[in-house]
Every structure is written in C-alpha cells, then in structure tokens.
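Just so it is clear, A, B, C, D, E and F label the chains in written order, and each chain counts residues from 1 on its own.
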Amino acid sequence: MKLIVAIVRPDKLNDVLESLYRAEVRGLTVSRVLGHGGETDAVETYRGTTVKLGLQEKVRLEIGVSEPFVDVTVKAILDAANTGEVGDGKIFVVPVEGVYRIRTREKDEAAVTPALV
Amino acid sequence: MKLIVAIVRPDKLNDVLESLYRAEVRGLTVSRVLGHGGETDAVETYRGTTVKLGLQEKVRLEIGVSEPFVDVTVKAILDAANTGEVGDGKIFVVPVEGVYRIRTREKDEAAVTPALV
Amino acid sequence: MKLIVAIVRPDKLNDVLESLYRAEVRGLTVSRVLGHGGETDAVETYRGTTVKLGLQEKVRLEIGVSEPFVDVTVKAILDAANTGEVGDGKIFVVPVEGVYRIRTREKDEAAVTPALV
Amino acid sequence: MTANILFNILAYARLNSVPVAPNFSPELLVVSSLLPAAALLAALQDAAPAAAAAPPPAIVPADTAWMLVSTALVLLMTPGVAFFYGGLVRAKNALNTMMMCMAAFGVCGIVWALIGYSLAFGTGGAFLGDLQFAFLNNVGVDAKGTIPHALFMAYQASFAVVTATLIAGAIVDRMRFGPYLAFIGLWTIFVYAPIAHWVWGGGWLSKLGVLDFAGGTVVHINAGVAAVIAAVVVGKRKDFGRTAMLPHNVPTAMLGAALLYFGWFGFNAGSALAANGSAAGAFATTMLAPMATLCVWMALDAIRTQRATAVGAATAIVVGLVVITPAAGFVSPKSAIIMGALGALPSYYAILWRSRTRLDDSLDVLAGHGVGGMTGALLTGIFAEAAWGGTNGLLYGNPKQLVLQATGVGATIVYSAVVSFVLLKAIALVGKLTADARDQGLGMDITQHGEEAYTHGEGAVLVLADAEAPAVARHAAVATAGGVA
Amino acid sequence: MTANILFNILAYARLNSVPVAPNFSPELLVVSSLLPAAALLAALQDAAPAAAAAPPPAIVPADTAWMLVSTALVLLMTPGVAFFYGGLVRAKNALNTMMMCMAAFGVCGIVWALIGYSLAFGTGGAFLGDLQFAFLNNVGVDAKGTIPHALFMAYQASFAVVTATLIAGAIVDRMRFGPYLAFIGLWTIFVYAPIAHWVWGGGWLSKLGVLDFAGGTVVHINAGVAAVIAAVVVGKRKDFGRTAMLPHNVPTAMLGAALLYFGWFGFNAGSALAANGSAAGAFATTMLAPMATLCVWMALDAIRTQRATAVGAATAIVVGLVVITPAAGFVSPKSAIIMGALGALPSYYAILWRSRTRLDDSLDVLAGHGVGGMTGALLTGIFAEAAWGGTNGLLYGNPKQLVLQATGVGATIVYSAVVSFVLLKAIALVGKLTADARDQGLGMDITQHGEEAYTHGEGAVLVLADAEAPAVARHAAVATAGGVA
Amino acid sequence: MTANILFNILAYARLNSVPVAPNFSPELLVVSSLLPAAALLAALQDAAPAAAAAPPPAIVPADTAWMLVSTALVLLMTPGVAFFYGGLVRAKNALNTMMMCMAAFGVCGIVWALIGYSLAFGTGGAFLGDLQFAFLNNVGVDAKGTIPHALFMAYQASFAVVTATLIAGAIVDRMRFGPYLAFIGLWTIFVYAPIAHWVWGGGWLSKLGVLDFAGGTVVHINAGVAAVIAAVVVGKRKDFGRTAMLPHNVPTAMLGAALLYFGWFGFNAGSALAANGSAAGAFATTMLAPMATLCVWMALDAIRTQRATAVGAATAIVVGLVVITPAAGFVSPKSAIIMGALGALPSYYAILWRSRTRLDDSLDVLAGHGVGGMTGALLTGIFAEAAWGGTNGLLYGNPKQLVLQATGVGATIVYSAVVSFVLLKAIALVGKLTADARDQGLGMDITQHGEEAYTHGEGAVLVLADAEAPAVARHAAVATAGGVA
C-alpha cells in the first residue's frame, strides 16, 4: 500500500487524469497548491509596489494504490505531466500502513480496489 | 506516531470534527480538495458547452497522533463520516518518523499531546 | 529521503520561505489549510446567528528532502515560524520510498537536488 | 388674487392626489396637467386660468425625463435584490438565489404586461381593475397624468417585478426553481395586482384615505407576509439549525444594498410622478431615513456584540428604506430621521427573535420588509404632515389617520397571507415545492441550473454538446480531443 | 383666448409627438422638445426648410436633463460589458478581459473626440462626414436639436466606446493587448465612424429610409461581424476544443448583464434625443423585449437540458436588448414582446451551432450581437408602425421596408467585414496579434498586465520599486526588510 | 417676435451662469426661472413676460429632474469608493474598508443634516455659516435657486458623505473602527463644513473669485491632506514595507472605479445646479478628461514596466476625474483633454515616490486626490475660459486667476492639515486609534466587525444566539442540534 503524491502543472491536470483513467486508476484526490522550485519567478507590479511571486500555481494529486499499481501510476503521471520545461513537478511515493473505505469500512487492498456498486 | 489522512464529504465535516472532539483528538488540519472515485459525475452546461465534472468537492483531514490514538481516531472518523453512499471517502494511515511542536520545539509524543497552556 | 510536512501561521510564511532559502532548500509546495489546535476559537456574528470558528487559517508546507537536509530544514522552519504563542503549528517528518522529477524522470536523490538548468 | 385662491385649491387637491393616481376625476386631470405648472404658479400667477381652460392633459417633458430615470432606477433594484440575497447565501446556492430574482424580470414582467397592469390600473371597481389594458391595449404614448401612458405602465411594471423577488429571500437554498417561477407569476396576478389596485388603482384603501406614498403596504408588508407563508409551506432547509450557514460573499451583499439604496430614489421620489417639490421632499426623506437607521443599528450591534457588522449595516440601510417608503412624500426630513431611527428597533429585534425560532425565513424577509413595512405604515400615520404633502397624522392632531393606516396594514396582511397560502398549496398539487435533501446538499446551483457560481475547471471534461450519458461523455471527450467540441 | 386655441393645437400636436409628426409644424421646432432622432431628420426632407424658416433651435432644459442622464447611462454600459465578459472567462484572464473594455474609454474615447465624431456627424457626403468638428472645434454648448452640442457629442462618444468593446468578446484569452488597442482605435475611425455617418449622420442609409432607432446595424451587427473576423484572424485559443473553459465568476457576468440592461435605457430611450413620447415608447419596448427573450430562453434551456441556466439568462437579457435596439422607438410595446420572444431563437441556436464549430468566437459575440442585431433589423422592417414613430413595416402593408432593412444589414456586414480584416492584417505586419501558447497558459493577466485578479500574496516578496532583475530582487527584499520599500 | 429676441438674450445669459453665481445676481435668477419656460412656452405662450415680472425664484421642473438624478448619482459614489478601496486591500480587511465608507452614510449624513449643512450654507460670515438651517429647520421645498431647497440640501449632503470616505484610504488595515467614525463625524463639522462655506456658501474664497466648479479644493485637496495627516498620526501598518500587500480583488476595485466615473457626472455636471449648457459642458469635460488621463497613464505604465496594469487604469480614471473637477464647467472640452493628459503625470510619479517612502498612505489618497486636486485647481487657473462659463485663466490673459487658485489651494491645505491633526489627537486622548499588531494580523474584519468577507463555513459551529463563553458554545451547539439555534 502506497500513497502517491504528485505535484503537476495545472494545465496538465486533465492529461494526467486522462492517462490515470486509462491506467485503470480510479480513486484520487486533487488540490490546488503553490509551488517553488527552479522556475524563474514572475514579477508583478501594483501601483508603486513591485513584487516577485516566488510561488507558482500547481496541482497536487494524492493517490492511494496497492503495491502492483505503484509503478503503473507513477509511469502514467510521468508520461502525461511532462513538458520538459522547468516546473514540471515531482512525484513522491509514501508508504501507507492502513487504508479504510469509509462507506464500507473495508480495509487495505479492498479499500482501494475500485468500488463495485 | 502516525499521520492520519482522511478524505470526507464537506457536509460531514462538522460531524467528524464533533466526533473527534469527543474522542479527545484536539489537533488537526483541514483542507478543501477535489476527489474522484466511484461517484457518477455531475454534468454542467455553459452556453453551448457541456462539461462533465469528474471531480467532487471533498474535505481532507490530516491528523498527527501518537500510537495509542490511531484506532480511536480512525474509528471516530469512520463513525461520523459514513453515509453508506458512494463517495464517503477514504482514510490513510501514514507512518511518521518525527513530530515537532513549533511553539515549544517539543518533539514527538510531547508535540501532539494537547498543549497545556 | 523524507517528506517534511509543516503547518505554520500564514503571516509567518514569508519568514519561513526566507529562512528555507538561506538553508539552500529550494523546492517546496505550499497550500492554504485550516487548522484546529489549542487556540481559543474566534466568534463571529451574522445577523441573529453567532458562530464559533473552530478552524484557524494556516499554511501547509510540503518539502521533499534527502536525508542530510532533514535536520537543516526542520531547524530552518522551527526558527522562522516560532512566535511562542499557541497556534504556531507542527512539523511532521514522513518517510518517502521514492521521488521522481517529472521533467527529467530522474529518481530519488537526483530528483530533489536543485535542478541545474 | 383669485389666482392665488385657485392655486391653493389646486395645490391642496394635488397634495391628496399623490400617489393615489391623479387621473381619475377630470378635475384631477386638470390639476395634474397643471402640476408642472404648480411649481411655476408662484412665478406665473396668471398661468392657472390659461391651463385650467385647457382640456387635454399635456405631457410635461420635465416630468417625463424624471420618470424615465425613475423607472430605470427601480428596474435596477431587482438586480440589487439579487446581489443582496446572493451574497448572503452559501456559494453553492448563489446562482439559484440570483436567478430567483433575475428570472422575475421574465415571468413577472411579462405577466404584468399581459394582464397584471390592467387588473391593477384598469378602472374596474373597489377591489380589482378591469381588462381595458390587457395585453397593453390602449396603452399608448398619450398622457397619463403628465407623463406618457407607456412610461407609467413601465414604472408600475418595475414595482411588480421587484416586489415578487423580495419573497425569494425566505425560501432560498431549497425551493425548486420551476414551482418558484409558477408561484411568483401567479402571485403577481392574484396578490400584487389586486392590492396595488386597492392603494394606487383607485381602490377602496385609497378611497378610505390610507396613506402609502411609494408602497409600504403594497410592496413590503405584502412581500414580507407572503415570504413567511412561503417559508412555512416550503419548509426548513435540510440543515437549518444544525449547521451554521454563513454568507459566502458579504461584499456582494453590500453591492446589493448599494444598488437598492440608489434605485430606491426612483422608487420613492419617482412616486411623485413628477419632477416637483413632492419628489424633492421624498428624495430627501429617502436619503435621510436609512442614514438614521444605520446609526442606530450599528449602535445596537456594538452594544450587543461590541462590534458593528457589515451584514448588519447592509440590512440597516434596507430596513431604513422600507420604513420611509410609505411616508416618503408625506413627512418632513426631520421626521424622516426620527422614523429611520425608530424603525431600526422592531426589525433588529425581530431578526434576533427569528433566529431563535424554528421559522426558516432564511434571509429575514419578514423582519426586514414585513416588520419594517408595518413600522413605516404606522409611523406614517403619526408623522404625516399636510404641509409636506400628506394628510396630518397623529402628531398633527389627526389620530384617525393612524387607525386608517392600521386598517391598510391589516387588510394587506390577511389578503396576502391567505391567497399566497392557497397559491402555494395549489402548485404543490402539481409538483414538489422543495428540493430533496441530496439536491440541497449538492447545492441548488448544480441541481437546479447545472452550473456553479465559481469554477476553476479542474478536471472538467469537455463533452460533445449533445452527448447524453456521462458514461459516453469521457470517451466522447477523448474522441473529440481533436477540437470539434 | 387665442393663446388658448393655439395651446390646444400645440398640445394636441404634442400628444401625437412621435418623432415623425412634429416636423410638420414649424412652431414646434421653437417651442417643443420634439426634435426627432437624428436618423429621421434626414429621412424627412421637408423638415429642413421648415427648420430653416424657424428661428435658431432652442435648448430645451427637459430634453437636456434626460440626455445628460442617458449619456451617463450609456457610458455605464462599457463597464457593463467589462463585467459581463470578465465573469465569463477564466480567472487567469479576468483582468485582461476587463481591461480590453475599460481601456476603450481611453483609446476610442480620445480617437472619437479628435476625429471620429467629425467623420461621423460632420456634414460631409453620403458616405463620410468632414473635418468641421475635428478636435472638437465648433462643438460648443449651442443647440444641436434641442440639446447642447457638447452633450450630443458626448452621447455619441458613449456609443462609439461601447461598440468597440463588444468586439473583445471574440478574442479574449489570447489577443495581445497592444495590437488590440491599436485595432479598436483604428476600427473606431475606419469602420464605426463611417457606418454611423451612413445611418445617423445624414448618410446614404438614412436617405434611403433604413430604420435603425438606436443602432442595431451601426453598433451590434457591425461589432458582431468585426468580432468574427477578429476571431478568425487572431486564431483559436491554445486549448480551444481540448479543455473545458468555464466562466470563473458567473455573478460578475450577471452584474454585467444588469448594468447593461440599466444602461441600455439610455441607449434606446435616449436615442429619441428628447424627453418625449418617443422616448417613453422606446423605454417601454426596451424593458419588455428582454423580458420576453428571457422567458423563451429559459424555456429552451429547460427543454434541452432540463435546467434554466444563469449564464443563459444573462445572455438572454443581452440578446433581447440587441433585438429591440433598432426598433425601440418604432414599434408598439406589444410588438416588442413578440420581437423579444422571436429574437431568442436565432441567437440561441447560433450559440449551440458555434460551439460545435472550430470558430473560437469565445464569448459568442456573433451569436449575441451579430445574429441578434440582424434579427432585430429585419423584424423592425416587419413590426415598425408609423403610429409609433416608425415607417410602416411589412405587417402594416409596407413590404418595401423589409427590403430596405436587408439592404442596411447587407451593407454593414460587407463593409465591416472587409475593413476590419484589412485593419487586422495591417496591424499584424507591425506586431504579433496573438500571445504565444506559454503566455496563454500562464494567463493573460500576468503576461499582459503583470497582475492577477485575485491574489492572496502568499510567498509574494516585496521588491524595491526600481529593482530590475528578479535575481537582484530577493536580496533587495532582504536588504530592505527594514521598511524602506 | 419680441419673445424670440428676449428668449435669445436669456438663452445667452443662461450659458454664462456658473453655479457659484445664480444665487447671487437677481437677473440670473430671473433668467434661470425663465429658461425652463422654454419647455413651457408650448403650454403658456404668455409665460415669458409674466415670469419676467415675477420676483420670487421659481422651481424649474427640468432643473429639479436633473438635480434629483445628480444627487442619486453622487450618493452612488460612496459605495463606489467602498468598492474601489475594498478591492485594493487584502481579503482579511475587505469588510472593514468597505464599512469605513458605508458607515459614513450614517455618521456623516446625520451630522450633516443636524448641523453641518447649516454651518456650510447658512448665511453667516466669510468663514462660517450660521445655525439657521440647524436640524434642517427652514429647509422646505421652496425654491433655492431653481430647485427645491430640500433637494439642494440632499445634493450637498451627498458631497459631504463621499468626501469623508476618501480619507479612509490612508488608514485602512489598521485604524480602529470606533475612533474612525468619531473622526469623520467631527471632521465633517470642523473641516468640511467650513471650507464648503468658504467656496460655495458665499465665504471668502468665493468672494475672492477662486474658481472651484465641483469641489477640487473642498473635496479632493481637503480629503487628500486630511488623509496624510491621518496616515501619520495613526501610524504605519504592522508589516508595512516588510511584506507585499496585494489587492485581493482587482475586479472589485474596477467596479468601484466604474461607479465613481458614473456618479461623477452627477458630481460635476450636477454642480451646474441646472439642466443647461453649463451642465452639458461640465458633462463633456468630465467624460473626456479621464479618457486622456487613462491613455497617458497606460503609456507611462507601459514605458516603465512594459505593461499597462488594471489597477493603474482604475487609478487613472479616478485621477482624471479629480483633475477636471474644479474646472468642469469652466473649460472647453479640448482643454479638458489636455488637462486630463497633463494631470496624469504628477499623480503617477507621486505614487511611485510615495511607495519608496516610510509614509503609509496605504491607498495613495494623497497622490490621487491631494496631488490630483492641486493639479486640477491650478490648471483651472490656466485653462478657464469666460466663454465656457469661467473667469478667463492664464491662457486667456488673466494670470491673476492662477494666483487666486493658488491661494485657495494653500488655504485649504493649511486649514485641513491643522484641524485634522487636532481632531485626531483629541480622539486619541479618549481611545487608542490603532489596532494592535495581533488584531491587524488576524485581520480587521474579524477583530473590528466579527465577520469575514468570504466564508466557506468549514468547521463553523452554531452557537446559541446569546451563548457567551466559547467553551459553552460547542455544547450549546450539540444541545441545540434539535434546531432551536
């Protein structure tokens, strides 16, 4: 059981979702975040004040997957989110000790395999 | 030491907070996220364009707890967030190697036990 | 490889970024969250209704670092984010099993060391 | 000399002719045709005979200019209500709330043009007009008073539309959109039009001598009462009383209040139907009353919670405007300040009280418009002055007026409550009034309108315009990634 | 006595004071506010001598009052468009979209004052005015019609500005700001001014007898056509057809629609250029048509998707206003309702059709203003009534009018399309019209204006006002943490 | 015949009637009382002689119509300022900023009615009025100039309110709400009223011949100076100069600018106090000046940062309006364009300069209104033309006027600075002016008003309306889950 945390470009999100869908990865959670990395910072001006926006808009995906799915998932993201320009983002694979599906109280494997409703 | 990450329905948040409160779990962090799972997607129309919103609004809770609290916490969430309908969400239990309370620089156990001020 | 998750005060963010910058920590991801801890809750009134806001605005940092950087990073945050008042926040150190840089598909160490562009 | 006497008579006649439409008795016609002259009589002593001798009522350009503007201003109040209400609900219901107001332009506006106007302003009897103006027949650019008839009709239409929208505040977040439209449409015909006839169409209340300058009874009490009935019949919101429902965007509500204040000058000062002293007086009182209400309201807030709230301020402005509405052209500016100040109290405490009850009048239409309207109607009976265009009220030695005002209030409450109830029950027979818990949970915007007020578009997948099943959808999107979406 | 008789005659004449009538009676030119819409002046040949015979035209205060207001109202339409469009785009392009409208105040407004006004309203010939008013020379406060010339100029300027902004809707999210400004500036001179001269400046279309009360052809068809050309020449948005681009803030769009509805009363009723029956009629029709359009539009929505959308409602209101614009002062209120209802159909389906094509007319300016304008222009040829101030149309036994209207439409389409195309190509020679994919991705707000519409300021680092390279920046910030920023 | 001649003479005289004048010279009174007669000639052929014979000033319907509208427009400027400022601050202070403006309706409005108006417009002496109109006594619907006195009072009240709100921009994000209200209330009495008397109430500046058509000195310089004083006395914001404080919602600021532009037509053109050539001229100049400022401002922006900003554009419009205010009815449209263009420079650079200083005039009230007002006042002394209603200025051979203008500016600066300072210090004795760092950190909305502008309601727990301790609260919430909240 792993929790895959990926930071990608907002305008790549749909491609990533698409590619995850094709990889049969169904459950995931997305949130809007701000990121700082090697990108050169945007500069903005408001009246007399000039500011440097050190943070760029990014999207964070959090995907809980069972072992066999880890590589598939990572690959799906790497393929879809890549532009080759600085700012593409990162993927982190974090170990998980337990997963629960709230609806059914199912645990672990059962909890992440697509729900049969 | 564990970090419990839970995805629940926005309209269940208050119940979850309530139930965690009763379980004596004080510290937690919440964020608004979008999730995709087994739910059927909402369809929206803007002028000529029809779009399918693959992502539903959810709330993400992140709770750092010491070992003895893990099960209590998970149970509290499972009880409060459950509706039985697809979309109830998931709980992930992630191992943590160290916790610090910024205010006091206390470490680990001490850092998560309710602050006595 | 560790993923450092820190919850800090919004008005301390810039100081934290500054201090991380000086600590040579370049990559990080930030998000706005709501937190509950030992703080006393703010009370608001809308017409006849009085509500207690159990959640305070906080900022969440997520920083993937290689082992040698862990303590540096934690220290940088502890120093910059501390006010001594309840509500300063927490830092969680989570183990990571793998990191990928999407742009280059580099793995682990290479993925988090500042990109040389 | 005689001119002066005539002037006084005319002036007096005029005073009582506002706003009880000045166009029914021939004498009044002459009066109103003179009216613009009324202002000039002082300067032109010998004008009266000349004009008095002139049979056909004339359109007065200056009055027309002012009424053109007034009508536009009142029409702006409907969006005003849309933003005021829209900002006070939760984000997931913002569009539904605004649509409840904007859609009234369509439904109530057309209903009014086709039949409502005629029922309200057709000669008819004491209780209802007739069909002489149905489908806007016989509504031309000939003079109605001193302005073109088509303009008078438009001015009245703007009132009909905004009145209906006020009701929405009581049933936001839960009433299904279709039944809602049916309700306000029918309500305009069966409740608003008749009461408008009573007060402005030469009906029994006007005959009785009830004072209602710009619509305290017709508009506010009427809407306030209908709102409570609707709140009760439609029922509580899913989570009412359990979770806190906070305004999602207070600045938007503030914008609404600002537009209302602005538009209300057309509503009140426009009710003089001319660019004259009466309009000026009504303008001043309309400006001053809410100012006083605002001061008192902030003070009450500060005393109770140590803080003056913005939502409170926005509410106070509206309440002040409601209170002065029936009195606008009948009281002195000084009285307006006092009325505004006094008017804050009943509504302020009504809101506090309401929030402790089980009544889910979600945006306090009762407290704001109902209670505010009653306060205003009664205070009018106290502060009205002949010197300022009204009949003398209690303070000026005519307690009878207060009784008359109470009659007007009572009659409106009873009629509005009964008929509104009947209409809602009738509609309920055809279709469910309330959205089910799940739809309320998802939000009325998505479930009633298939839209969201604020979207980021994350994970939104484009679908062929005529794709049906969501299942199909995603593949459609894939297929059409070419660009033919 | 004689005075009374004369009065009666005049008063009677005034009652029928639809813009056509008064010119038959010379006296009225002196005393009354009934000068007709400029468009009609040229059409009525016998008016000229009559006017010449009469003493210098006088400024009529009432007309001046109304036109002062009308001009302000029309000027409010430009922000109206800014919010309507601004709410419909994505958040990252909101400011750029609004700026495309607000900046027109500067560019088009000044261009108009310097040269445009003269080209449109200078005597000149059948196709173009002259330079008699260039740099506003000879534009004083003397009477032009019954209002001060300076006011007439301001009123026309408000039209020029808002027309240019309409085009923006077709090229939002991608056109570079500089070239855009160049385009609307030149467009105002080379496209808008000439066509305005044809219709209102005594040019050939007005001589021909084409009816366009408030600018259906000059403003809406013209802008709609130019918009399509621009959309084609500038090209599609980076992700057009691939990803869903949703309105980021529908309430803002709703606000825009509300301001447009409000301002449009100045646009249409103001086009009577007087506070008279014609203005009143135009006001009523302008109020009613969108109401009917709204009803029909919501019905079409409900039928197609089971839901009436808010974006749809906002669009419907605008379409209804566009449709009635050329007919406002020429048709009966009843006809206005019918026109509004009919007018919904072409635009509604044009939008559905467009979204299936490769044409990235992003906010459907063609469907809304182009198609709506044509529908209106043609329906005017059908519903116009002499009794309401127009020439009789098809329904009133004059099919010829319909042909005339078609001529006007055709001429406008051809001229606008050709010249707009040429202008864009010319500008393209100087600089790139379209922002590159990366800039579009980052958002036009940041790349074109160096701002964001909504900021939280997280991680924003203060830079010395005159720091140049971002590299320097951060250290500057550190250095200046002392407070001297 | 004679009528025509007389008429032309009058019309001519009318053109030169400037707002300061009409109430002073009897002839002009006749003129203005007569001019409207133009509209009434139709009804009363023999009006002219009669009126010429009539001494008492008469209410002119057309002027009344325009002033009713103007007053409403100016009242809309206060919300305009609220949105302009509100959008430029950070989200956590949005409501507090807007409340600082909206609350002025209450405090300043009432203070004005009770005493301010009388001090400004009561006969009195060269420096201050008297109490003849205190509590609005003697303010009826009789004619003041050519409009009802109550209306004139309302018009002036709208100025008093909006002027006070301008100051807020300098002390947002930190000044405590109570002391702020106390300050603007007292300021209206002790600073605004006297200066208004000097310029418009027949005080020494008007006697001197200083030109200020619509309030460049009284309103803008005055507020701008008071703002700086306030910024200094109240002190810097907690993080000023350390962290970047970005506008949280630029579209809202844009809305504010739009409402200001719109309302300003009532402010400037309304200052003619009549619907005449002067109003028309003022309208045209008010429309044109900001257009020119906008062009220049965008150019300066583009040169400095390669990008024209939206916040800059909104600011430019306001600056242009400020600059033309004192000159509106005194200069030609062409001069207005030049003044607008020139006016951009001082303010633009003042903003750049200010942001490098330690002066935390948070929203640049000094640069916008102070500097802009001075520029305008002086340029008026240069461009004013007798032909356009003013006294000739420098360019027209009367350098003396420039000196007079400078006197007016100087006097206003000194008086406003000194008294504002005293008032603030006095209030400081009673209570702390500035919110402590912690409150500023949490945000003024929560700490001063107990609200947030934008709430999602996550984790918000309902509390019994009268629950006291938060501790109790949660249990209360539990207890009351039944629905009695």
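One rule holds for everything that comes next: contacts are C-beta pairs under 8 Å (C-beta built on N, C-alpha and C of every residue); 3 or more make two chains touch, one makes a residue touch a chain.
As the structure is a computational prediction, the values presented were derived from the model and not from experiment.
Fewest steps needed to get from subunit B to subunit F, stepping only to touching chains, is 1.
Common neighbours of subunit C and subunit F (chains touching each): A, B, D, E.
Interface comparison, C-E versus C-D: the pair with the greater number of contacting C-beta pairs is C-D. Taking each chain's centre as the average of its CA atoms, subunit A and subunit E sit 46 Å apart.
Between subunit D and subunit E, the centres computed from C-alpha atoms are 30 Å apart.
Work out the mean CA point of subunit D and of subunit F, and you get 30 Å between them. Between subunit A and subunit B, the centres computed from C-alpha atoms are 17 Å apart.
Counting partner chains per residue, subunit C shows two or more touched chains at residues 14, 17, 30-32, 34, 36, 44-46, 48-51, 54-55, 94-95.
Counting only residues that touch two or more partner chains, subunit F has 36, 39, 42-44, 46, 60-62, 65-66, 69, 243-247, 249, 255, 305, 307, 309, 311, 352, 355-356, 450-452, 456-462, 465, 474, 485. Residues 3, 17, 26-31, 62, 64, 94-103, 105, 111-112, 114-115, 117 of subunit B touch subunit C in their complex. If you check the complex, the residues on subunit E that touch subunit B are 244-247, 305, 307, 309, 311-312, 315, 351-356, 364. For subunit F in complex with subunit C, the touching residues are 239, 243, 441-442, 446, 450-452, 457-467, 470, 473-474, 477, 485. Here subunit D touches subunit E in the complex through residues 50, 53-56, 58-62, 64-66, 68-69, 71-72, 75-76, 79, 82-83, 86, 94-95, 98-99, 102-103, 105-107, 109-110, 113, 135-137, 139, 141-143, 147-148, 150-151, 153-154, 157-158, 177-178, 249, 252, 255, 445, 448-457, 460-462, 465, 480-485, going by the rule given at the top. Per the touch definition, subunit A reaches subunit E in the complex via residues 11, 14, 34, 36, 40-46, 48-55.
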